[in-house]
Amino acid sequence: MPPSRRLGFAGEFKIMTSKTISLNQLVAWLNKFSELVSAQCNYLTDLDAAIGDADHGTNMVRGMTAVMNAITAAPPSTIGDLFKVVGMTLVSTVGGASGPLYGTFFLRMGVTSGAVSELNGAQLLMALNAGMEGVVARGKPLANDKTLFDALAPALHAFAISLNSYHSFSDAALAAQMAAAVGRDATASLIARKGRASYLGERSIGHFDPGSASTALLFEALAEVLSGE
Amino acid sequence: MKKLINAPDNLVADALLGLAEATTELRIDHKNRIIYRAEPKQKGRVALISGGGSGHEPLHGGYVGLGMLDAACAGEVFTSPTPDQMLAATKQIDTGAGVLYIVKNYTGDIMNFEMAAELAISVAGINVLSVVTNDDVAVQDSLYTAGRRGVGVTVLLEKIVGAAAEEGQDLSTLSTLARDINNNGRSMGIALTSCTVPAVGKPTFDLPDNEMEIGIGIHGEPGRHRLPLGAAREIAEQLVEPILADFNFTSRPVIVMLNGMGASPLIELYLMYGEVAKILKRSGINVARNLIGNYITALDMAGCSVTLLSVDDQMIKLWDAPVKTLGLRWGI
Amino acid sequence: MKKLINAPDNLVADALLGLAEATTELRIDHKNRIIYRAEPKQKGRVALISGGGSGHEPLHGGYVGLGMLDAACAGEVFTSPTPDQMLAATKQIDTGAGVLYIVKNYTGDIMNFEMAAELAISVAGINVLSVVTNDDVAVQDSLYTAGRRGVGVTVLLEKIVGAAAEEGQDLSTLSTLARDINNNGRSMGIALTSCTVPAVGKPTFDLPDNEMEIGIGIHGEPGRHRLPLGAAREIAEQLVEPILADFNFTSRPVIVMLNGMGASPLIELYLMYGEVAKILKRSGINVARNLIGNYITALDMAGCSVTLLSVDDQMIKLWDAPVKTLGLRWGI
Amino acid sequence: MPPSRRLGFAGEFKIMTSKTISLNQLVAWLNKFSELVSAQCNYLTDLDAAIGDADHGTNMVRGMTAVMNAITAAPPSTIGDLFKVVGMTLVSTVGGASGPLYGTFFLRMGVTSGAVSELNGAQLLMALNAGMEGVVARGKPLANDKTLFDALAPALHAFAISLNSYHSFSDAALAAQMAAAVGRDATASLIARKGRASYLGERSIGHFDPGSASTALLFEALAEVLSGE
């Protein structure tokens, strides 16, 4: 497995740094993500029922509802704070595998973003990559282990390549959304090697990984919020 | 879905309220969903924390008390508790001698306990060691999977290591003992019906009337394969044979647990124990102690599991030591 | 029908085989289906016999042992044992101080124990007294019915009178105490599902997904009426209100039993206990002791029952006395 | 309730005493009864499921199978012994309510019959009446309590009246069979006042009493065996 596949895009950043994404847009992203997991809670849980323990939807909804409550009650003033609150809230309210994974993802994004109120393309990509490195540190997923990493890694890869080709945020997010969806779909033919689904061995084949499906929603939310940027 | 609950989302909180009423020997932190002994352990003794998703009662809250755990963290149904819970419990119960985490091998539990241990050590300066149980022979153990699930051995380990902690053994000795127990225990389970996760409202898997699911865990995960529903004696074979194929239990005495998954009545568990005992006898295995009942369950699943633990004299002595919890009690 | 059995007709015999393997503290007469203490009571102490249809485990076999019964006679599923069994047990365990029969109020049990007592007295010359439990408030008590069913109080009575027998109290004192306990106890049960009698192979009654059966006994008998499936707090009202309407429990402390019918998981029973405790608190009732779990079951029925027993200091002392049986154990 | 209803026919016996029924015929009766309860086991149990505990069929089959095994293994040489063995076997193997009731019924028949090898009509009737008195002593049923007594009492009453009118055994047994069936049917409209069904109160209305149904089979068996006598 080439390193670039493992950690998204690890090449040099030649992408435009003029256009930025604001704190408010990032809040809108999280809000959209929260809406999507709520709307698709049963779908996520049904995927988990097939090869896991039937709680991925409720886990994500519980977490993202808490996140939105937290940042509504005390709106963070920097992007670093925003992502740290998101990460800490997910860690504290989700539990299971997805709590530490999504939690660490956002915590690392927060640390990398720092006390700023906007991120340019390069900065956003670096934050996302740091988040993914956190996921890898926590869960040790490899490509094709049939986990959320199989949606996350291609999404970041596509996002990076697109931004790197001087595409718009909007186009890059769309590329990421599509790559995540393709990655999610590709999990169906895999044997799970991490998480609960791995207990099933061959019987896990033919089912989508629930975490990859929620990750696809994360990039669907990003694409929606950035559309037109 | 037919359950004695108020609302799916309140199940865990409400059950903890009931537990709080049930006994004055437990103290419950409802906000953090932590079950403590009302009377903390004496200073200088290592404290034991376990926890996991709810739905496995009496595990773990029912094993808090003299001779077993010091605290149990309750997650949502079938969902690992969060690091905050373990961290709060760790700070609360450490008497200076350190804390042992007893963790069942599930990715979620591993990661959440790991985060808690990192924080406990780095932020609170508490000495924490973790032991992971992974005794379920239904799952293939390989470098390329999450490994075997932690199931029945967890109960036996909490009892034996709990007794050793009560004796004043130190953290590293306890963690070695705990690892030793885990290495010497194996489990296997079957389901006659799926459980229903309250938040989902329908059975996790469909199981036709004439089939059983072999190799289930304790979360309503589908097992490894299905077979036509068999007689008790065939089910006993399905449970015991994979265990004996995986580990040699003839060299030392064993503790046997015949565990119900939650909805199988005791009369059936007694009967199953008889069938299991027959196979053990025939295989030259010497049963030193046993447990028959609902000790580590999967909500309202019908079915059962067998756990064998190969023990030495010291473990038997610790097994026999007094225990006073809701789930296990003797000698006091 | 999905059960951990070999064949419906062998269920009782096979379960007794399992019980025999389970512990060396019981001795089982498989031919007569009698469960004895392995170590008989000391000479000069009154012996206690109970029994009834099987399917209520751990009742009664699980309550044989130090501090409770001396022998239990197991009938077919939900069918009273026969006089031969009680007579054989009576002859076996009488130490000269006489024998107390603990009989649940069902026509079959009454008649079979009555025939046994007649034979024990007239043929074997053994002093036998009987006490009948009839605590189920779901049933109208009148001269024109078979009267109330004996349910949960039976468990509490076996514990308390068992402790008194261990102390050496004589037969007439014990029978007075037993009657006193029965008079001061009341129970009420509900079912979420019907049980399935193995020989029948299908549920005894059909209960739609959105209904519960109020006032069931322990034999899968239909209850008195049906209600839409309620929240736990409503179910608790349905259980406790008829009990409080029937007897004044405010004047003395009570022992509360929150009993599962066999297929309801412990997490739900903990939760239900919390709801019941709330009502008792609000009603000014002081809970001295409690039991939560499967103590008197109806095969694989989902549901629960509540038993309240108004107690004096003497009864509490006897309740706290050591007991060592498969079903109840403490203090030893 | 007139005493004649309570204990069958209590008048004077003017019936013919010339014709008799033999030990073998009585064994055939029991054998037929055993066959009928086996064939109708599910029916009896279903009746019991509706207002009892779903075991009356299995109880009766267990008992009558044991009875037939006992008298085949060691054929009794007198009618008194036959009925005593039947009664004792039922008491020892059935349990429940029906064990002591049917058991006492046959035990008393045995005592009343004595060490004979045949019974004339008057003797058979006396034995049956004694059996019913045993049932009354054990279970204290009153008429219309919705128990097996509601089939037993009219059957004996009809048997007595028929024999008393110099009818044949065959006709008398047929009358008893019909009366038992009518009695059984009439239990449907009654509120149960004895046994488990009494717990149901009004809800017991509309269901046949299972014990009355097995008693109807007892007289069906008698009519079949005596047909042509």
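In this document, chain identifiers A, B, C and D correspond to the written order of the chains, with residue numbering beginning at 1 in each.
Convention: a contact is a pair of C-beta atoms (placed from the backbone, for glycine too) under 8 Å apart; a residue touches a chain by one contact, two chains touch by 3 or more.
Remember, it's a predicted structure, so these values are computed and weren't measured experimentally.
A.B. asks: For subunit B and subunit C, what's the span in angstrom between their mean Cα positions?
C.D. replies: That pair's centroid distance is 29 Å.
A.B. asks: Whole-Å distance, subunit A centre to subunit B centre, using C-alpha means?
C.D. replies: Inter-chain centre distance comes to 33 Å.
A.B. asks: With chain centres taken as the means of their Cα atoms, state the distance from subunit B to subunit D in Å.
C.D. replies: Inter-chain centre distance comes to 56 Å.
A.B. asks: Quick one: which residues in subunit D touch 2 or more of the other chains?
C.D. replies: Not one residue of subunit D touches more than one other chain, so the list is empty.
A.B. asks: Answer with line, ring, star, complete or other to describe the graph linking chains that touch.
C.D. replies: line
A.B. asks: Each pair of chains that touch: what are they?
C.D. replies: Result for touching pairs of chains: A-B, B-C, C-D.
A.B. asks: With touch defined as at the start, can you tell me which subunit B residues reach subunit C in the complex?
C.D. replies: Contact set of subunit B toward subunit C: 2-7, 11, 14-23, 54-55, 57-58, 62, 192-193, 209, 212, 229, 231-233, 235, 262-275, 277, 290, 292, 294, 297, 299-300, 302-304, 326, 329-332.
A.B. asks: In their complex, what parts of subunit C are in touch with subunit D?
C.D. replies: Checking each residue of subunit C against subunit D gives 53, 75-84, 106-108, 111-112, 114-115, 138-140, 144-146, 149, 197, 199-200, 204-205, 217, 219-222, 224-225.
A.B. asks: Please name which positions on subunit D make contact with subunit C in the complex.
C.D. replies: 45, 49-55, 58-59, 62, 91-101, 138-139, 192-196, 198-201, 203
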